[in-house]
């Protein structure tokens, strides 16, 4: 309905291949970016609003984790959604990123923050490749189990070897203050903007990869590896590349997780449970979809908050006290139920639902 | 250089000079709209022209062009004109045998064909047309092993041309210099109903003059877009695509293939559009079918807003007053929810003007487009007059007329009621048919259209029928059966109608009801019926038809000329008129005389004022058996209206 | 339409190839050659080892004995990747398309060997990576045009009817501009028109793109029309080899096909 | 040396327990090709339910019976809500679904019975067996011995069930070939329910034993993770494999902990079995007793 594509014809492939071929989409995305980069911070700066809404909470408690998880989900989606390799070790690669960044900052004097983030991603990528090696021989959940090995080993190693955490007890690290080009990132808003910028850049890069040769190779291997090999796609390199890129994204996400979100993390904070939550994000958001990674992250981040709020509301309004752990257990139940629901009803997740809606809008008023 | 623009080649030079980088031609190919600017188009034409010259194409030679709308086919026509030759576009769906006559009649020596299919047809005719020495093809697919020496690819031809041009740099310009406005620009063959097609020779002057008028009339500029999907051999495409783009400098867009026209239409979103009624009809049908698949809510919304549009849409489109603010708001809302999206999906969003012509268009159809804001207009004309004799002007569109004569066009109504036209656009002659030419164009230079018509109060031309079919009632008032029949047939319930009245003192009619429509209507009123004959004899159905007839009468009363020929009495036939029973032609035109003889008893009954009449007829059933059907047909009076009074009211 | 292009020297030589799965013998001492530009058919009853033969040629299976020489390079073991690099493309008996991807993307994968840009350049999608992508899109569009599948360009192949999928798979192979094209029952399960189209495509491919073609086909009529020479396999053994006419007259072939409905 | 044996035996006994969990996986995998990640959660659920009923005053056996009933209900629900909609989906999808399921079950369990650690007493003390202590000086826990005894019994019962009873054979038929099973008129749904019930039963037993040993707590769910390497070693579809795999893992991880652990800072049993399994996988992707598949083109 809102789409008016008549007259939007393409006279060259560049235009036909562009990220958002439909004008209305381009407008929308620009609007969204403007809102995220300018609108939100400005709102936060507006005294009136700042009173009404607790922006610090929204930034540190909602937006920043949402963005960081989106990034991690993006990474996992590249591996699982596009290359079809299920990984349960996402959290481990995040941990690697977090500790790597910490150590770069700690041990390399004058190391630029962004640089150590990138390097952290690099280190994660290397670890990813190492744990990806089994994927060359084993498939399906045998591989998933292999990634579990990564999960446990990494967490164990980070706890056991004090060097990683600069010999703090039980491997707790406290991230250094962030500064980019001498600009101190010391307020929630600034941290939000930094994360937002990084996520946008990496998301764009991811989109470019998945719609390019790399993405096609990944999907080919996912859909039918024999055929992929026959058309000349090097299976081994393709899979390892997927692991590397995926881990890079998770690594950066991990670094941000430590530096821009929590500030203080310990290896135990990157337990299997976190890996699962990120897996859920892509299942609910949409396997094999960049957009899905964001939708899923938003969903998983917002649901508990929503439950909490409503629980409080109930308690306040009815003056009763709900059993402790109710919300967390409800969250577990709902997550579990949703996973089963999406897998059986809409395996391509929220992203697919959005896509269907969009198609309807484009054909409006006709159904098909 | 090209200060004078009195021939198409000179227009091309001019366009290439003043807007070298604007797109001149697009074609959907390899997934995108390949584009050529005017400068590039000129080079393509240069190559083709020089190539043809190198191959021995001389002034006055004729170049046949056959295939779907393709850039290089248009450019080939231009190339021929550059060389002082005459392009002869042919219908791409004609079979080899049909081509034979034209190829001979126009002494075709050179031909440009789109693909293997067309090449085969041409080659088939080579024995009968020894003159045909050169055949060029656009698409080499499947032709690589054709040994015939006549065959050359357009690529090869252009290569030749570039080489030739590099050796004779002045040649191209010189050839254009030699051309004059009174040279033939094109020969278009009209598919005559009887006998062989006649070649209509039109000069540069005539076409360009007409094109200029049209461009001025609706204010076309180089910003406009048009989709070329009509046969190149049809005057409509030559004038409205080729000629106008050269005059106005806008871009021609060639669809990927005939199958993809609707998609391509949506992508390009032309700013003006020309199609015969059937095209608009098919689009509308498609809309109605697709919308029925939609959910209940959507359907309700759609129909509600379409209702509104029918009420106020056209008034708003014509920018007239008299629409309440509420309706205007609602219409705006409808535009957001229905009309806009609908036009978008159909590819009509950017349409500024849409033309239709050639045959009468039904009011429902016409209103549908206008009510959703597509400025659809009717025009009248024929190949011999470069189409445009008259056209609706934006803002004063009246369905039942074809608008006022175009600037520079004189229209005169002969005593016989025939429409005579004199204009710069009138053809020079029928190719090689002085006799036919003499018949068609009188000494004063008026072209005899063969159509009967008259001017209404506002001076809008109204075409009623073929002149030869128009008769008069005993009281001398005009009687145009086809006009009446069409009016009746515009009602969904009326399938066929046959009107009598020539030389009699009143008009009577046979009606054939439309089985699906009326059946449907009956079911909604849960009327039981066993079959066509039964349904046709139902009193309720008679009433339904009577309403239709009386509506027609009311309309007729509204104009002086035809007010006399209102339908007094009618009956509903007990069987459907059928080509198998010789009652219709194969193209479903009623054979009035034959029917009159066959059902003489009924006709007499109509005129003898009887209430009913028994009839028995032989008919052929689907399974081929023949049998007799008999029925006792009721005859009804229809209310007629006093012409004068209705006029005042209107 | 034979004799339309000159058939050259052998481009592929299969020599004494034997293949077995566990105990099951699929091929036994099969030898034949394929000449440049020719259309070579492999026929035989079900389970004769036809598909296995193709799988050996492009390295999906590794024969226990014998060797395959492509363009003079003789190998005992090739892997599919090398085969593809060497210029061998193929289609599969039961369609092996990338179901989740659009027709366009499927064809683009066919060109992966010709794309040089590394993943970083792709991620940035600037300059070289972009122009490379566009250049290959152009090439692929030519194939789409050739196979007349413009109207489904953006459709995920999973949603296409069987016949079209077969065509797309051929397209993916063509996109690689192969010198040797292996077609495993390109017309299996097609109706008459589809078969006619496919035959036309195969001939045009062989003719306009100059590709050498080895095809497995059950429809004898098709085989006889298309192929220059025919190899007949039965129970993993070669029982005949020659022009369609010769093969048709060969008693052993007739025996092999007796009772086999084809 | 004697210390070595002590560790070894301890490991083997623990291994038996692992096998028990792994058994649950194998049963379900054999019959429905589903890798049931929720097995751990089921163990937790079963144990917690039993304890819950006991704490509500039900006598032990009644509590067990009730818990079993609950597991049956769970089995039916799972078949209806999870398996049936996902039939013919790729294994990996079903695997992810069971992860969801495990979350669900854990949530339900804690919602129903609360999240705090509960003690469970089966009446067998976790203390060294004197006479063995006296003779060999080896410390072997009574409890472990009893537990493994029970485990062994359970395993053999299942063995009989699988090989002797009609249903058991039916199960194997399904495992080997769904189509064939349907052809001979075995209803998949029914089979699945039965299998999941059996698995539920195994989970219950496992839960009781582990619960009695380490207390009934959320940590029980991690047994699933312990079982994974066992499965990889043993092969997903082999009962025997599960047992042997369990023993290997149990023994090797204890030994590794004792002999390698100190050099790397200990706590390696969290990942050592995986490393082991991984190495093993690379050598033999289909496991010790699993069947090799050739994928044809």
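Annotations
A, B, C and D label the chains in the order they appear, each numbered from 1.
One rule holds in what follows: contacts are C-beta pairs under 8 Å (C-beta built on N, C-alpha and C of every residue); 3 or more make two chains touch, one makes a residue touch a chain.
Being a predicted model, the structure only gives us computed values, none of them experimental.
Under the contact definition, chain A and chain B share the contacting chains C.
When chain centres are set by their Cα atoms, the one at the greatest distance from chain A is B. The largest tally of C-beta contacts between two chains is found for A-D. The distance from the centre of chain C to the centre of chain D, with each centre set as the mean of the Cα atoms, comes to 49 Å. Centroid to centroid, with C-alpha atoms defining each point, chain A and chain C lie 42 Å apart. Chain B and chain D have Cα centroids separated by 80 Å. Contact with two or more other chains is made by residues 12-13, 16, 226 of chain A.
Across the assembly, chain B contributes 31-32 as residues in contact with two or more other chains. The multi-chain contact residues of chain D, meaning those touching 2 or more other chains, are 297. If you check the complex, the residues on chain D that touch chain A are 35, 81-82, 85-86, 89, 91-93, 95-97, 99-108, 110-111, 114-115, 225, 228-229, 232, 264-268, 270-271, 274-275, 277-278, 281-282, 285, 295, 297. Looking at the complex, you find that chain A touches chain C at residues 12-14, 16-17, 205-206, 208-209, 212-214, 216-217, 219-220, 222-224, 226-235, 241, 245, 288. If you check the complex, the residues on chain A that touch chain D are 86, 134, 137-138, 140-142, 144-146, 148-149, 152-153, 155-156, 159-161, 226, 272, 276, 279-280, 283, 323, 325-326, 329-340, 343-345, 347. Of all the residues in chain C, the ones that touch chain A in their complex are 58, 60, 79-81, 83-85, 89-90, 92, 96-101, 105, 108-110, 112-113, 115, 117, 119, 122-125, 129-130, 133-134, 137-138, 141, 172-173, 176. Residues 26, 31-35, 225, 266-269, 290-291, 293-295, 298, 301-302, 336-338, 340-345, 347-350 of chain B are the ones touching chain A in the complex.
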